[in-house]
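A single structure is presented below for examination.
Per-chain residue numbering starts at 1, and chain names A, B, C and D are given in the order in which the chains are listed.
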């Protein structure tokens, strides 16, 4: 049997699990629900693994496999299908999604043990996995959009999982609406594609587009910029990044799965998927790089001053996705995908560890109220440290180093890159290591400030350990030229992407760049140690000064983007709704009615009950009638 | 039997009628209004008789008789109403009796 | 001999004017009788002796007597005369006066446009009227009879003072 | 004859249940429901039997039933069914049955008369969907109006008389304008061809000068715009939708508004192809304004039913955009939107009715955190809220996507603005969900979850909306012949417009009309003159 035919089962299993849980979840036992949900995702992961091995060992013709289930609808030749498309790119994403989801589901069994509404939680999680898999496996953009909105929905539902707190509802709503703004841009992009090609089939668009559009065509420009709108919304990039920090209101596994590992990288996937279009619109591709660079800096600076451990991680997620966008923008497609994969491992690890810490600290999020956790929770500490190391790109031993280093090199050396882009990434790398290790030192070192009343069980630990190991070793499947030149990952995925065009004279800079980045990362760790462990009073004193205070507030609020949008969009809209609640058009019709009433009053004033005035009316009528008869 | 030009007779009828109308319009006492109505009815009858005389037909006088009958009926009912009005409202002022309004 | 007509007409107009301006109802009624008698004269000289007689008998006689009874039952005294004086302000005359003037002008204008030539006159006596009344207008007579009947019954019913059926303790308060 | 039976079954069912209701109310309800279900079975059976014919695509009309009614005046009893009216009839019966089920216990006062009105209303709606004689169409149009007025004014909520009067005035006045247009069309056609008839097929080819066509079309359009609730003719809509009892709201929002959309597809576009081309930019603009303004108003409301009413108005904007884009894609989208919106609005009004029945208020400021007590209701509401905001996988998305795709081909700017409605719809839709089911508990209510009867009705709706969302092909296939003929019709017009002589003629007509406008501004006088000139 051809294992590729099992492809449809990968998204279908979580979906069936969702259906079963939502229809009859209450009949399961408490752990039964979690185990059932986890197993469904686990089997999906297993099938992905089998298909992946098959794909590697004997790739199908043309390095892709397509499976059509049914035609969605067929109007005037426009004929999107419910169909799956498997190529190296979607395989990597599918693998990461199913595998990380599996681990996080596993972790959630323990996490949700005492929570109310666990059935709902697992049902939503399964629905999310299904949607995400639809997104990455879709063979046409409309089906991709289905997944795209589906993950947005699940993100909404899971951020607002603890629905009793109005703040969570607000955060959920904000996430859904802000991403919807991007989605609508993307929708318009889709409309444009349909108008031009009368199809949304990705493969056929990618083959016909270069024949129809010359590079720099305005059509290509608009389509790509609209798709970019969708991507920045989902991936929380500038200027639609504001929802992600608030999205941390959801449970930690949700943050790990949706807001770190998978959904937020959908934008990366979308751009990578439609890379041909972006190559036809070089201006937009540069814009992608600029958006990435700007976002990674802005988010990085904001992360430095956050106190909530999850918000630090959220900003770091935004910043890391900024790196991916930077890579996409300079044409380093495989580097972006590689960083996505590594990031999925270490960021979900960080979130899961943070989740354990938060539970142990009795739902305390503030890192300055933690401290000294190193000894009490050694496993969590070590796994968190691995994750943090990968995030800060500690040289040689962590996976993050290899992926980030590749991006930085391409930002400098690609024909589409520039020194400025590299510099942004370089500064960003420094900030990253500072805020990462600020978090590590403040939370895990120093003296203990609170009692821990909960010890993580084994179901918590195993996923953490697996992810921790991956954060360290996953980088070895793609080693740089200067260091072994072992590149199975990009070899595999480059059947989809064109190779990066390098500027020959900058090729030699690679080693210099690597060394300087490595030194910078270590220096960042050192600086964090100095500032937050040795001389915390220095930072405190800086915060006391007027400028420091204002700077702190500015960065803390995410560069005042929320304020900006509130003032210019939200408040006017609410104001407009308030003043025109009962519809001014209705007033117009009401005015007509009132005018009639007024005339009615005028006329009924003549009916005053005075007999003689009636007679007067008769006489007047006689005069008028006679006058008319006689003289007119 | 004297010849009277018909237009003169009609003019008299008109003058009487209008005097009656003025009476109806100006008086507030319902009794006077009733009398003024009688004047108007009488003027109308006069007009019929003048016309009948002009055409040498009996119909004018027949009409007058009908009008007379009607006047009699009207006055009897009208007076009964006035009496009731005076009994219930202690007034003969039509301005007070304005319940027939919106 | 047309002068008789004009004198009678003048009397009719003047007495009618007096009717509508009197403050005392009885005075007004007397003037009204005069006016009716004057009209009766006119009827007579126009060759309608039957209706002239009816005018005197029914109008000036029966109907006016009816009104006199009513005045007596209403028992309007000095106070009412004073009140009439208040009500008859010149201001109230203006509107109706103007209206009537316009109407009069229009009627005169109309009536002047036709000037009948003098032709022979004939007396139409009671016999002619009776012939016409009971042949051509028989139906009208029936209807008039019905109307009179209705008038009588109506007048009785309306004028009848209703028996009040209150408890004896309440009677005093309720009596109007 | 099937078509006659369908209408007669409903009418007799209504009569019988009125008679019986005094003695046995549940039997009366049963008979009413049975009548609707029997019709539904007939229609679905018929659909299955003709389903394969749609592949051929040549024959638009499946049934054509015509007997003379008043031959002297050219009025005939002409019912016919094509794919579009088949779909609409099935929808009307399906949602009619649902509306009866969900308001099973709502009406206690004067139940028999309610059932009578409800069934006659459904009969009127189906009559509108089936009649092809303009006078017959107008007749059914009025048959719809009167029972609806009674339902609204007798069984409505606190402000029912005001709402009923407003509804009646708006629809009646606009209906009269349509009647004038119908009669004018009748005379023009009669004068042109010598054959005085109200028959649709005869009138369809009537040649009209540009200005006359526009005026006549406006007569039709105003009636339809009012019924559809498009800005600025929507003023009656929120009041009527809000004040109706649940069953009435469902029939109003889900079915009656569809008769307007149907009327545009069936009458306005085919009868006045050129005029509707001319009018299209205005129509699309009105549609876009409705989408955005309706969404904005919906967001501002605190009354749940009023909010749903404005959301409905917002969606009707999409229908306008779809119809006047003249693209196969958007026609299909419009038809799917009619169905999907009917289903989702039914469900939302049901939820509003269910909540109102339990807590006697519609004020969302008094609700909150209902999920805790009634998760089933919450989950079902969520599905339809998501449908309303256009989540892919549910019916409304397919519809709105197709409409926008088609519209994008004809007008980019307005389509982009219409697409902003997707954002706006999300803003208000989430308010429904979060204010009622999430957040703080603002007042202590004792709630009971949905009864099996309600779950059954909602389950049917969920199945339907998901079916349309993931496999709308049967609907598309059924509507295809109708859409083909609509498209052909508008293509023909384009062709005529492109040729030289016609352009000249239009120009001449324009001049002629200008002089006439100077002479007299009255529309009818100019009509007469034109007739005399010929």
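As a convention for this text, contacts are C-beta pairs under 8 Å (C-beta built on N, C-alpha and C of every residue); 3 or more make two chains touch, one makes a residue touch a chain.
Being a predicted model, the structure only gives us computed values, none of them experimental.
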item	value
Chain groups still in contact once chain D is set aside, others held in place	one piece
Chain whose Cα centroid lies nearest the overall Cα centroid	D
Between A-C and A-D, the pair joined by more C-beta contacts	A-D
Maximum centroid distance from chain C, chain identifier (CA atoms)	A
Chain C and chain D: spacing of chain centres that average the CA atoms, whole Å	69
Chain centre separation in whole Å, for chain D relative to chain A (CA means)	39
Geometric centre distance via CA averages, chain C-chain A, whole Å	100
Distance from the mean Cα position of chain C to that of chain B, given in whole angstrom	5
Multi-chain contact sites of chain A, meaning residues that touch two or more partners	616, 619
Contacts with two or more other chains, residues of chain B listed in rising order	21, 25, 28
Touching pairs among all chains present in the structure	A-B, A-C, A-D, B-C
Partner chain B, residues of chain C touching it in the complex	1-2, 4-5, 9, 12-13, 16-17, 19-20, 25, 28-29, 32, 35-36, 39, 42-43, 45-48, 50-51, 54-55, 58-59, 62-63, 66-67, 69-71, 73-74, 76, 80, 84, 87-88, 92-93, 95-97, 99-100, 103-104, 107-108, 111-112, 114-116, 118, 121-124, 128-129, 131-133, 136-137, 140, 144, 147-148, 150-152, 154-159, 161, 176
Interfacial residue positions of chain A with respect to chain C in the complex	616, 619-620, 622-623, 626-627, 630
Chain B contact footprint on chain A (complex, rising order)	604-605, 607-612, 615-616, 619
Residue ranges of chain D touching chain A (in the complex, touch as defined)	166, 231-232, 234-235, 238, 296-297, 299-301, 327-329, 332, 369, 371-372, 375, 379, 386, 391-393, 397-398, 401-402, 404-405, 408-409, 415-416, 419-420, 422-423, 426-427, 430, 434, 437-440, 470-473, 476
Residue numbers on chain A that touch chain D, as the complex places them	22, 70-76, 78, 82, 120, 142, 145-146, 149-150, 153, 156, 160, 163-164, 166, 169, 172-173, 176-177, 180-181, 183-184, 187-188, 191-192, 194-195, 573, 576-578, 580-581, 583, 585-586, 588-589
